[in-house]
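All remarks here apply to the structure that follows.
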Amino acid sequence: MKPQPVTLKILNVLSVLLFLTALGMVFLYAPLEETMNYVQKIFYFHIANAWVGMLGFLAAAVSGVIYLVKHDQKWDIVELAAVEISVVFFLIAILAGSIWARPTWGAYWTWEPRLTTAAILEMVFVAYLLLRQGIDDPDRRARFSAVYTLIGSISVPITFMSIRLFRTIHPVVVGSNSSASQGTFSMTSPMLITMFFSLFTFSVIFVDLFWHRIRLGQLAQHVEQLKLEEHQ
Amino acid sequence: MKPGASGYKPASSLPGAVVAIVWKDLAAELRSRELLSAMLVFALLVILIFNFALELDPGTRRVATPGILWATFAFAGTLGLNRSMAVEKDRGCLDGLLLAPVDRSAIYFGKMISNLAFMLIVEVVVLPVYSVLYNINLFNPGLIIVILLGSIGYVAVGTLLSSMAVQTRTRDVLLPILLFPVVIPILIAAVKACSGFLQGLELTEIMPYINLLIVYDVIFTAVAYMVFDYVVEE
Amino acid sequence: MIAVKKLVKRFGLKIVLRGLDFNVQEGEFVALLGPNGAGKTTFLRILSSLSRPTLGEVRVSGFRLPDQAAAVRRNLGVVSHLPLLYGDLTAEENLHFYARMYGLGNRQQRIDDTLDLVGLSSRRRDLVRIFSRGMQQRLAIGRAILHDPDVLLFDEPHTGLDQDACDMLDGLLRKVAAQGRTVVMTSHDLARVEDLASRFDVLSRGVITASLNRGELGEGNLLTFYRQALAG
């Protein structure tokens, strides 16, 4: 296995540092919100993970299309890496959201648009992984996975828009004046800074893990190659 | 008959092949009736289960009807999709279809239309039965159109995904897992629209959902048609 | 009729065909021999346009695969060990279906002639589901020649047939080949193949290791030839 490039090593260290800083900012720098107190702080991580999870999904969809066009196996590795990591990030986002929801809305879960779409997206991820599990031939596996990410990436936004035809109770934190959403709070400057920093931190962590996962995929492929050569 | 003696080499047309496939599926099904009976019995059982699972008074029943209907169609639908593709896979017939000198989309459209036909047949039976069992009049033209539109979208994606699922090890189990998350917009729009028609709402209120169905149908039929090659060719 | 140059086929990382060369003239009946896993079925699938070559050039009837696949298919008949027939349709209906898929004119006449040729006219209205394996194979051959192709590919057609059925099949194969068609047949049954083919090729470890015309073979030496080809 190729040793980690310098950039990756730097990224590893950077990820840890940023995470610790973000943690510090969340607890020490960002002010306490009036109504929700400490519970609100989970919001910083929730948003970051959700956002990054969605970007990962986008990355998977793009990789899928590129694979279908170019038939280069490396795009399949990228696509799988993106989905595997996004599954986890998104799950964290959903769980964080649930923890926040209990004291705020009185329930761990409500069936409102964003949450429901999030659950559906997570299910698409899991379905993708199950699909891959059922196929042995690498070429077929890559083709089918790419097709499914394409279908999913078109369907999920449509799902979101269709659920949006319903009323939402999910707080529209940035940019909306509607006080009809329960749990909305206005963000002061330090909060905004913390949020964006959090977003940045998790993006870096995502890229770091993504890179590691791609390397793992390449290593796995290399092992397969060696096994075959041994038999031939 | 010496090869080539007939002189002309056959040229197959897309519509011709599509019609041939649809006819073949319907004729085979008419004879064995395996697929349809399975779907129908299953659909009726699902309705029965709902009856006990949801203890509904007449008022709530009205409200729950579209949901129950679409849950039934969705489940029975996967059964049909699975069986329809399994027939091709088991006896190698998919290869037979692929060997024909015709564009692959003919296979997609042919299977999609026959899948749609089976689903519609089941729906045509379920609606009156449900009407009678629950004393709710479902003979509503708007409702019927919604069911048609929803079924088209369901089958458009379902045919593509069942072509994939049938080529995996996990086969039958995999199709609902792949299909349901992706078909949610249809369920949402169809249930809302059916509900609207049953409650006698204004058409303007229902139109957004019908538009959604139409948009979904168009987009996914187009996408499925475009990627179908990748799913059947090696 | 068939011209294959340096054909390579890879499944993921596994290489099945390694730069295979293969040439068949019009009217030849080539028996393709080789151990299991040598790549015979893969090779036949590529020739029949069901699978794409990874590298190399494949031409059938002058048309190139995979670009001109449709043209190739028009002129190709394939019989594999799976029947490719619909059990719930009658023999006649099966042929009707394929006639329409191939866009054939004068359908009824062709179907009648084909059923006569394969000796199934009396069973035309019976469901294929109740046919014996031998009868199914005969009908499969009927399906394969319905559109009057110049090239026929048979993948181990004797599989699962008893002696009588095999004899009947051989009779049919001779009849069909005698009409001037080009035939490639894979088989494990050396004795049968010795009587049928005009040429014997051995596919081993992804390439053709030996090729011999019937005239050069002499009596009963096929087994020796085969063993030598595998060893060498």
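Order as written gives the chain letters A, B and C; numbering starts at 1 within each chain.
To be clear about the criterion, a contact is a pair of C-beta atoms (placed from the backbone, for glycine too) under 8 Å apart; a residue touches a chain by one contact, two chains touch by 3 or more.
Please read all numbers here as calculations on a predicted model, not as lab measurements.
Asker: If you average the C-alpha positions per chain, which one ends up nearest the average over all of them?
Answerer: B
Asker: Centre to centre, using CA atoms, which chain is the farthest one from chain A?
Answerer: Computed centres place C farthest from chain A.
Asker: Higher C-beta contact count, B-C or A-C?
Answerer: Output for the comparison: B-C.
Asker: Between chain A and chain B, tell me the centre distance in angstrom, where each centre is the average of that chain's C-alpha atoms.
Answerer: 32
Asker: Taking the mean of the C-alpha atoms as each chain's centre, how many Å separate chain B from chain C?
Answerer: The computed centroid separation for chain B versus chain C comes out at 36 Å.
Asker: Centre to centre, by mean C-alpha position, how many angstrom separate chain A and chain C?
Answerer: So the centroids are 51 Å from each other.
Asker: Counting only residues that touch at least 2 other chains, which ones in chain A make the list?
Answerer: 139
Asker: Can you tell me which residues of chain B touch two or more of the remaining chains?
Answerer: 234
Asker: Can you list the chain C residues in contact with two or more other chains?
Answerer: none
Asker: Touching residues of chain A toward chain C in the complex: what are they?
Answerer: The touching residues are 73, 137-139, 221, 224-225, 228, 232.
Asker: If we count contacts the way the header does, which residues on chain B are in touch with chain C in the complex?
Answerer: Residues in contact with chain C: 1-6, 8-13, 16-17, 19-21, 23-24, 27-29, 31-32, 87, 91-93, 95-103, 233-234.
Asker: Please output the residues of chain B touching chain A within their complex, sorted ascending.
Answerer: 157, 160-161, 164, 167-171, 174, 177-178, 180-185, 188-189, 192, 208-209, 212, 215-216, 219-220, 223-224, 227, 230-231, 234
Asker: Would you tell me which residues of chain C are touching chain A in their complex?
Answerer: 11-15
Asker: State the interface residues of chain A toward chain B in the complex, per the touch definition above.
Answerer: It comes out as residues 68, 120-121, 123-124, 126-127, 130-131, 133-136, 139-140, 143-144, 146-148, 150-152, 154-155, 158-159, 161-163, 165.
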